[in-house]
Each structure stands twice: as structure tokens, then as C-alpha cells.
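Each of the next two complexes has subunit A plus one more chain, namely subunit B in the first and subunit C in the second.
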Partner chain A sequence: MEDLLRIENLHISYRTMEGTVYAVNGVNLSVEKGETLGLVGETGAGKTTTALSILNLLPKPAASVDQGRILFQNRDLLAASKREIRKIRGDRIAMIFQDPMTSLNTSFRIGNQVAEVLRIHRKELGKREIEERTARLLETVGIGRERWDDYPHQLSGGMKQRVMIAMALACSPELLLADEPTTALDVTIQAQVLQLMRHLKEEFGMAMMLITHDLGVVAENCERVAVLYAGEVLETGTAEEIFDGPVRHPYTEGLLGAIPSPDHKISRLSPVAGQTPDPSKLLPGCVFAPRCPHCSKRCLEDKPKERQRGGHRIKCHLFADKAEWRE
Partner chain B sequence: MEQPLLEVQNLKTYFPVNRGFLHAVDDISFSIPRGRTLGVVGESGCGKSTLGRTILGLTPAVSGEIRLDGVPVLGKERQRQPDLQRKIQMIFQDPYGSLNPRMSVGEIIADPILVQQGRTGSSDLERQVLELMEKVGLSERLFGAYPHELDGGRRQRVGIARALALHPDLIVCDEPVSSLDVSIQAQILNLLMELQEKEGFTYLFITHDLSVVRHISHEIVVMYLGQCVEQGETEEIFSHPSHPYTRALLDAIPRPTTKGPKRRPVLQGEVVSPIDPKPGCRFAGRCSFSSPECEREDVLLREAAEGHWVRCRKLSGENL
Partner chain C sequence: MKRGRPFRKRGRWQAVWRRFCRNRLAVAGLVLLLFLIGAAVFAPAIADYERVIHQDSANRLIAPCAAYPFGTDAYGRDLFARVIWGSRYSLSLGIGSVLAAMLAGAVIGSAAGFYGGRTDSMIMRLIDMIMAIPGTLLAITIAAALGTGVGNLMIAMSISQIPTFARVVRSVVWTIASEDYVEAAKTYGSKTARLITRQIWPNALGPLIVQASLSMAQAVLTISSLSFIGLGIPAPSPEWGTILAENKSYMRMYGYLCTIPGFAILLSVIALNLIGDGLRDALDPKLSGPVR
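Entry: the complex of A and B
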């Protein structure tokens, strides 16, 4: 199947007072039409930086894309002009941000904020039609059209996130980038929002990149998963391969061992030891080696190449000698 | 039976607001034996943090009783016991906002000791601080470091060392791991559990995360809109969750596996206002089992099994 979005060898760094910070170091990713890709990783893994770079939203001039291509339907977004990107952003690729409390403009009515997207991207529509579509969008996300005139402070956190979703869906985008869309919400509200997103995805047939640190959210909502660590993709595979398969990257294993379960009691969690590496220094070997329980000399010196079995890709020396894992 | 370390009885904390009173904590009772952990779980706005703050004396209660080691500590009683501040300590949610950026790690941990005991010999103080740092897994070389030099996990360890500095009886932990990454969260949870086993600390552990609560607590109080809806031994509650809200909370947690039931029932609606709540069950509007009766009359906590209390009308007749 054709890739809707393909990221190739992406490198992004930030220039700061303390020196250069290498946030994304050679990321390869793809999202197919209509599928949901989960992007998981801890703070500082480069998840948000990757997503922002797709829509040319990185803070300039601090951030710079040093290498790589981002192909959206075979067109390189990094080479596109500001004008072209502005046409795509909000129309064919939309984004939902983590914090619904600050992502809405506090001094505009929510209906107008949703309608604005249509006014910008669907200039051919008349006033009546825009109003009608906006009202329908609000209803689709479970907010009655009678709330059109409300201001953001009159809504709860869950409802604000629904407004953000309505804005993102206004132009029926082909790709939705959802950056921690439910992290700020309570579990029961999170379940409502995720259910809504699944329904809408099926209805509109759009593809989604779901960025989160919550492995449970990924397992239940994504077809494929990419595990990001220190700016590198250490593992990609289907949700079954990542969560219920026989083999995993040691880092993925560590992440899974760190989550307490509501379904049974474990006496001690087995977290990954240590901390994430300093992003201002690039390591010569595997980025996970200093925390890895299977670390050997080779891991510290050589960067492992990505190996694959079917669609399951792992970047780890442990898989180097296994015949079924090919380069 | 041995006297519990902390007893809370019919505690009510209300806040006056324009339209009446906000019932943040509405008639909560529980006790924690020494060396055990009570988990208080609920969603934002259910009153769990206010409960912790009331026990610490940071927020005044409207009525009710709190006893530490059998001695009442609420209101005026509190001022008669200067030692009380030492006996109850707190670990805060935000490891960034809760440490003074102008103080070094050593100074932060030494501060409570200086406040309570005055200046003892400085070498002794330094020894005490280094011991505390070792206890929480902070390396000695961080003694002179400032909070901005540390990551979230290390900062939270500083917060824990500060709380331990005065050998408190009770430690109130308000969401101590919710701002941390999973692998760091697990390190901190393991540390808290090890400290309890070695030193016998008693925790009141406040969190929104049922998985964390199951992992760390011996007993649980589930709160909804200021009230306790279910209370009892952790294992009993997780094996027989009885209140529809507890079940909905458990169902709502996404599991890291593709093999579970994918489409579980989703709780509809949102939490109603805690300002002057109407009589009747506060969960009734979102409950799929509710009947007109539920919305009319208040519901009391009832003992569903030994030591397992549930606030639900349906339990009196037949089990759900």
C-alpha cells in the first residue's frame, strides 16, 4: 500500500545557550493511508519535534532541520514554500495539541474558532454554509450547536479537547497529527475522547499519527507502533508485535516492565535503570547502551543497524547474528 | 487492636464561593495503621488533594476529627503541638515547583532540620543530609547542585529526602509520580516501597492512577465529588469492585496489550458541580444502573463484605 507520509533520515537540532541539542537523529517513519501509527517514547525522545517538523511549526531560528526528507504524497514538505505549507496545514494535515487549556483563543467564541478553519481553507463556501458545517462539526464531536457562542472558559477540559478535534476535522484532513491528545484529561474523559477519535477516523478514513507516552493508549488505538528514544526510532512493528509478540527491543521491554498493572499485583516494578542520555552529546554506539541490561563492548562502540523480519524492525546488536533478522 | 497512626472521622472541608459552598471533602472517614499505605484515588476535582491538605493543616476543616496517635490535631488542638509539623510531612506533585531554585540540594534537605532543631553542629548536619541523600539514591556529588541541574526523577528524590529529614510518622504523598516518565515513575515507586519496608513509614498516597494505587497501597478510598464511594482492602476492591464508578474507572484504563477486550463500555457525561450538591447519589447522572430513587435520596456507605464499604443503593437489594 502506498505511504501517505514518509519521513526519511530526519535530523533536527536546536541551538541553545548551552550548545547544540540533537533532538532527532535519523528518524525513518511512514504512515499509510487510513492507518494509525503510534509514536511512543519518554520526555525528550523527539516525538513532538518530529511532529512539528512535518507542518513546519518548529521554533525558528532555534531549531534547524539538518538532513532528511518529509514526503507527503511524494511531495517533500521540507522543500515546500511557506505559502504551500500554509495551504496544507489545517486542510490536508491537521494537528491536535497536548494542552487543550491553552490551545484555544480565550477571547473568541468556540463556534467562530472552528468556523475560522473553514473560512481560510474553503473560501468558496458562503456564510450560511460555513455556519451550518460548523454546527454539524460541533455536534459530531458531541457538543450541541447551542454552545456555539460559548467561550473556552465555559467548557471543561474534555469539551475543549473536543473543540480542538472539531477544528482539526473541519476540512476532513488526510492525516491527523495528535500530540498527547488525552494526557491532560481524566481517565473516564480520556476514554470518551479516544472513542470519539476512533469513530471519526473510521468515518472519515483519515490516517493518524498518535503521539503519546502512554503504552496502553497506543495498544488500544494503533495498528502500528514506532518506539522513539533519544531521537532515534529503536523499534517499529504492528501493535501485536510490540505488545504481545515474542521479541522486542530491550528498551521497549523496559518500558513495559515499568508500568504497574490494574489487573494483577506485582511485588516490584522492573524499570529501566538510569536516566535518558544528555541530548547535547551524540553517542558513538547504541543510544540505549548505557541503560541496557544486555549492553556489551560492541554496543558502546558501534551504532547498530536496523534489522527486520517482515515489517518488524529493530535497531539492536542482539539481533545481528540471527539469520531471520535481515539488514 | 493496635491504635492506628492516623484516624480521620467525618471530615468535612468546604470552601465558600459566590453561589454557596463547594463541598471539597464531604464526610470522609478512614484510619491508617502504622507502617501501611492508604491510597486515595479519584479524578480531578474529587477533593483528594484537599483531603491531604486538611490533614497537613494547610486548609481548615469545617467539622470532623483527625487524630494522630490518638491525639486530636484539628484546629486549635494543632497549635498546642509544635511537634506536629515534624510528624506529618509531604511530598508534592510537581518536582519543579516545589524546590527553591536558589537553594542547593544540601540546603533544601537540611532546611527542615534547621527549622525544627535550630543550628546543631554543622558537621553533624552535613552527615545527616548525606545519609538522607544515600537513602533516596542521590549521589554525594549532588550535595552542592541546584535544582535546575537535576532531571525530574532526581528532583523528586530530593523532595522525598526533605520529607524524610525529620523522621516523620506520616508522609502525605500528593501525586508524587504523575509528572514523571514511566521508567522514572517506577524507580520512585520502588524507592517509596523500600523505604516503607526498611523504616516503617506510613503513607497517605493521593493519586488519580488506579494502577499505581493497586501497586503501592494496602487500603484504598475511592472518592467522587468529595465523598467516599468505595473503601476497603486493596485486593478486595480490585477483585470485587462494587461501586459502578470504581468499575468505570477500572474499565477506562487502557491496557498495554492488543489481546484485551478492545471496545469496553465508556462512561458518558462529566462530573457535576461540587457547589451545594443536590441530595441523592452524586454519581447517579452518569450511572447506567441508576433509578429515580437514586436521584432523590442520599445514599449511605454500606458494608458489602467485611471491611469493604460501598456507597450504592443497588447493593442493598441484589448485587449488580
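Entry: the complex of A and C
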């Protein structure tokens, strides 16, 4: 299948008062048409930075893309002009933020906020048509059209996230970037919102990049998963390969070990020991080596190359000698 | 399109209005201001302009009575008609110059607050330079350079007030620009201008309105001051400060000649200040105490 979005060798750094912070270091990702890619990682792994860079929304001038390409339908977004990228934002690629409480403008009626997206990208539509479409969108996400005139403070958190989803879907984008869309919601609402997103993704036939640190959410919603750690993709594969397959990256293994499971009776969860490396210093070897239970001398000195078997890619020296894992 | 309303919902401005109405002093200020605006608008109906300029040496310096409610001045002109017509100058110039300064200040301040960095530094240092000169003095200087007259006074007043607005707007815009909903608006493709006018300004309006009403009070005073020293509206026109200046030599014997126009200035300044205070409380619910 053709890649809708392909990120190649992306390097992003932030210049701060304390020095340069290397947030993303050589990320390779791809999202196919209509699929959901889960982007998993701890806080500070570079998930949001990667997502923002797709829309050219990194905070300037602190952040800079040092290397790499982001191809959306074979068009390099990093090279696109401001005008071009503005046309893509909201129309072809939409984004949903983590906190629906603060992502809606408090002094706008929710209908107007949804309609705003249409007013920007569907200028040819008349006022009536825009209002009608907005009302339909609100209904699609499970908010009655009678709530058109409500202000955000009159809605619950889950409903606000639904409004955000309606805004993201307004122009039927090909790709939806969902940056921890359910982190700020409580668990029952989380399930509802995710179900809605899954349902709508199918209905609208769009692809989705679901950014989260919740592996449960990934397992339920994603076809493929990329595990991000310290600005590098350590493992990519289908959800089955990552969750149920025989082999994984030691880091992924560690993450899975830290989740409680109803099937196994264990008295203690095993967290991944240690902390994420200081992003202002680039490690010469594997980024996970200092926390890895299988760490060897080679891991500390030598950066492992990505090896793959089928679509499953792993960046780890443990797989270097195995014949079926090719570079 | 008809949208059903299951129950009555208050918009943001309705809530502000409700809180404003709870403040009696503010409502008194508003009534007072509406009264003054009414006087200005219906001045031709209240007193013929002929009475403003008509000199009558037979009726000089008459104390307030039924025929002349505010008395007459040294030229026998009807002070009541002059004060009523004078409200036109004070209020229109006060409100007009503030609105002009507000618009200019909003544009300048938004640019500084939104872009930040070097743009911000350059604009704000320029504003600081202007602010180093006292507002009234700046207005005097500009008025002196441009000459007297309504148009020039308006320009002088506006320019001297731009820095205040630019500063207020800049700080508010600066805060709002980092809100998530502004970031979200960028993700769906808003242009910078649309971002500022549609996402940021509606939220910045509160502090701006408060500043405007307080600035109007100041502007009314400054206009009268400038006219009093002869840099504002020139002599025969019935501007309140001008009337004060004309009559100041009669003040000891005929006190009403100065106290009445002075009182008019006082009333409009008080009205605007009360409204400003009321709006500040109404727009910031956190300040206004428990909801009754």
C-alpha cells in the first residue's frame, strides 16, 4: 500500500538557555492510507515534537529541524511555503490536542468554533451550508445540534473533546494527528471517545496517528505501533507483533512488563529501571543501553542499526546476529 | 437556520451585564453618562445654537434664574446653552480620541504581543520612549505643533493615549497567544491576522474596555485642560474648558460662571470612572465576590 505520510530521518533540536536539547534523532515513520499508527513513548520521548513538526508548528525560533523529510502524499511538508502548509492544516491533516478544557476558545459558541474550520477551508460554501454542515458534524460526534449555541464552559470534558473531534473532521482530512486525545479524560469517557474516533475513522476513511503513553489504548485502536524512546524509534511493527509476538525490543518488553494484567497473578509490577537519558547529551551507543537488562559493552559504544523481519523493525544489537533479521 | 433552545442560556456578555447591574454605583455612572450623551445629542432641541453665541449687553452676568438656569456670562451669553452644547465637544472628543487610540493601540500591541522577540522589543521600546513624556504634556506639544481646532485636538489626544493601550493590549495578547486554543486554531489553518482578530481579540476585550472607559475620563479632563490654556477648542466655541478660561476673571464675584461648567466636567469624569470600575468588576468575576 502507498504511504500517506512518510517521515525520513527526522532530526529536531531545541535551543534553550541551558544548551541544545536533541528531541528527535533520526525518526523514520510511515502511515499508510486509512491505517492507525500508535506512537508510544514516555514523556519527553519526542512524540509531540514529531507531531507538531508534521504541521510545521514547532515553536520558532527555539526549535529547528536539522535534517530529514516529511512526505505527505509525496510532498515534502518541511519545504512547503507558509501558504501551502496553511491549506493543508485542518483540511488534509487535522490535529487533536491532549487537553480539551483549554483547546476550545472560551468566548466562542461551540458551533462557531466548528464552523470556523469550514469558513477557513470551504470558502465557497454559503452561510447556510456551513451552518448545516456544522450541525451535522455536531450530531456525528454525538452532540445534538441544539447545543450549537453553547459555550465551552457549558460542556463536560468528554463533550469538549467531541467538539474538538468535530473540528478535526470538519474538512474530512486524510490524516488525523491525535496527541494524547484521551489523557485528560476519565476512563469511562476515554473509552467512549476512543470508540467514537475508531468509528469515525472508518466512516471517513482517514488515517490516524495516535500519540499516547497508554499501551492499552494502542492495543485496542492501532494496526501498527512505533515505540519512541529518547527521540529514536526503537521498534515498529503491527500491534500483534508488538503485543503478542515472540520477540520485541527490550524496551518494549519493559513497557509491557509495567502493565498490570488480569491473566497473570503477580504481586509486583516490574517498572523499567532508571530514567530517560538527558536529551542535551547524545549517547554514542544505544539510547536505551543505560537502562537495558541485556546491555553489553557494544551497546554503550556502538549505535545499533535498524533490522527488520517482514514489516517488524527493531533497533537493537541483540538482533544483530540473527540471520532472519536483515538490515 | 432555526436552532432549538431547550432552556435559556446566558451568553458571556449577558453575564457581564448582569454583574454590572448589580453594582449600583456603576449603574448610576451609566445613567449619568447616558444623561450627558442625551444632552449632547439633543442639544439643538434643548437650546437653540443662537443662544450659545448671542451676545446681549443688557443681560450681562445675570445669576441663575428661571429665564437663564445657569445665568449669563460677561457678554450676556446664556451659560445653560453653552454648557449643553459644550457637552458635544467633551464627549465626542473624549470618546472619539479614545476609540481611535484603542484601535491603533490594539494593532500595535497585538503585533508586539503576538510576535514577541525582536518585533516586541522594537515596538515596546518606542512606546516606552513616548511614555516617558507625560501624556498631557505630549498632547500639549502635539496640539501646539498642529495648531488649535477640533481635528487637531483629536489627533493630539489620540496619539498621546496610544502607548497606554498598546501596553495593555500587548500584555493581554502575550498571555492569550500561548493558550492552547490559539495553538489549536493554528492546526486548522488560521492565518495570523484571523488568529489575532478572531481568537485573541474577543478574549482581550475585557481589559481593553476597562482601560478605554478609564481613559475616556482622563481624556475629558485633558481636553478641558488644553482648552483652558488655549490649545484646545478656540474661544468662541462653548467647550467646557474654554468656558472656564473665558470666565476665570469673574470667578470671585460670579462663582457660578466657573462652578457650573466645572461641575459638568466633574460629572462626566465621575460617570466614566464609575462605569470603568463597574466594568472591571463585571468583566473579572473573580474580583466581584460571591454570586448573589
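We take it that the second predicted complex is superposed on the first by the 323 of 327 C-alpha atoms of A that agree within 3 Å, B and C clash if a C-alpha of one lies under 4 Å from a C-alpha of the other, contacts with A are read in each partner's own complex, and residues count from 1 in each chain.
In this text, a residue touches a chain if its C-beta (ideal position, glycine included) is under 8 Å from a C-beta of that chain, and two chains touch if they have at least 3 such contacts.
Computed from a prediction, not measured in an experiment: that's the story for all the values here.
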Q. Will subunit C clash with subunit B on subunit A after the two structures are superposed, or do they fit?
A. fit
Q: Based on the superposed arrangement, let me know which partner A:204 touches: subunit B (first), subunit C (second), both, or neither?
A: neither
(Q) So if I put the vertex at the Cα centre of subunit A, how wide is the angle out to the Cα centres of subunit B and subunit C? Nearest 10 degrees is fine. (A) 80
(Q) Per the contact definition in the header, classify A:149: touching subunit B only (first), subunit C only (second), both, or neither. (A) second
Q. A:94 contacts which: subunit B (first), subunit C (second), both, neither?
A. second
Q.
Just checking: does A:120 make contact with subunit B only, subunit C only, both, or neither of them? Give me first, second, both or neither.
A. second
Q: Give one of first, second, both or neither to describe whether A:240 is in contact with subunit B, with subunit C, with both, or with none.
A: first
Q: Report, in whole Å, the shortest distance between any C-alpha atom of subunit B and any C-alpha atom of subunit C after the two complexes are superposed.
A: 8
Q | Contact residues common to both interfaces of subunit A (with subunit B and with subunit C) | A | none
Q.
Touching residues of subunit C toward subunit A in the complex: what are they?
A. 1, 3-6, 9, 11-12, 117, 179-181, 183-191, 194, 198-199, 202-203
Q | Residue ranges of subunit B touching subunit A (in the complex, touch as defined) | A | 43-44, 151-154, 181-187, 189-190, 193, 208-212, 214-215, 234-235, 238, 248-260, 262, 264, 266-268, 270
Q: Using the touch definition up top, name the residues of subunit A that touch subunit C in the complex.
A: 55, 57, 61, 86-91, 94-95, 97, 99, 102-108, 111, 116-117, 120-121, 128, 131-132, 135, 145-146, 148-151, 154, 164, 167-168, 170
**Q.** Touch list for subunit A against partner subunit B, complex
**A.** 42-43, 156, 158-159, 186-192, 194-195, 213-221, 239-240, 243-244, 254-263, 265-266, 268-273, 275-276
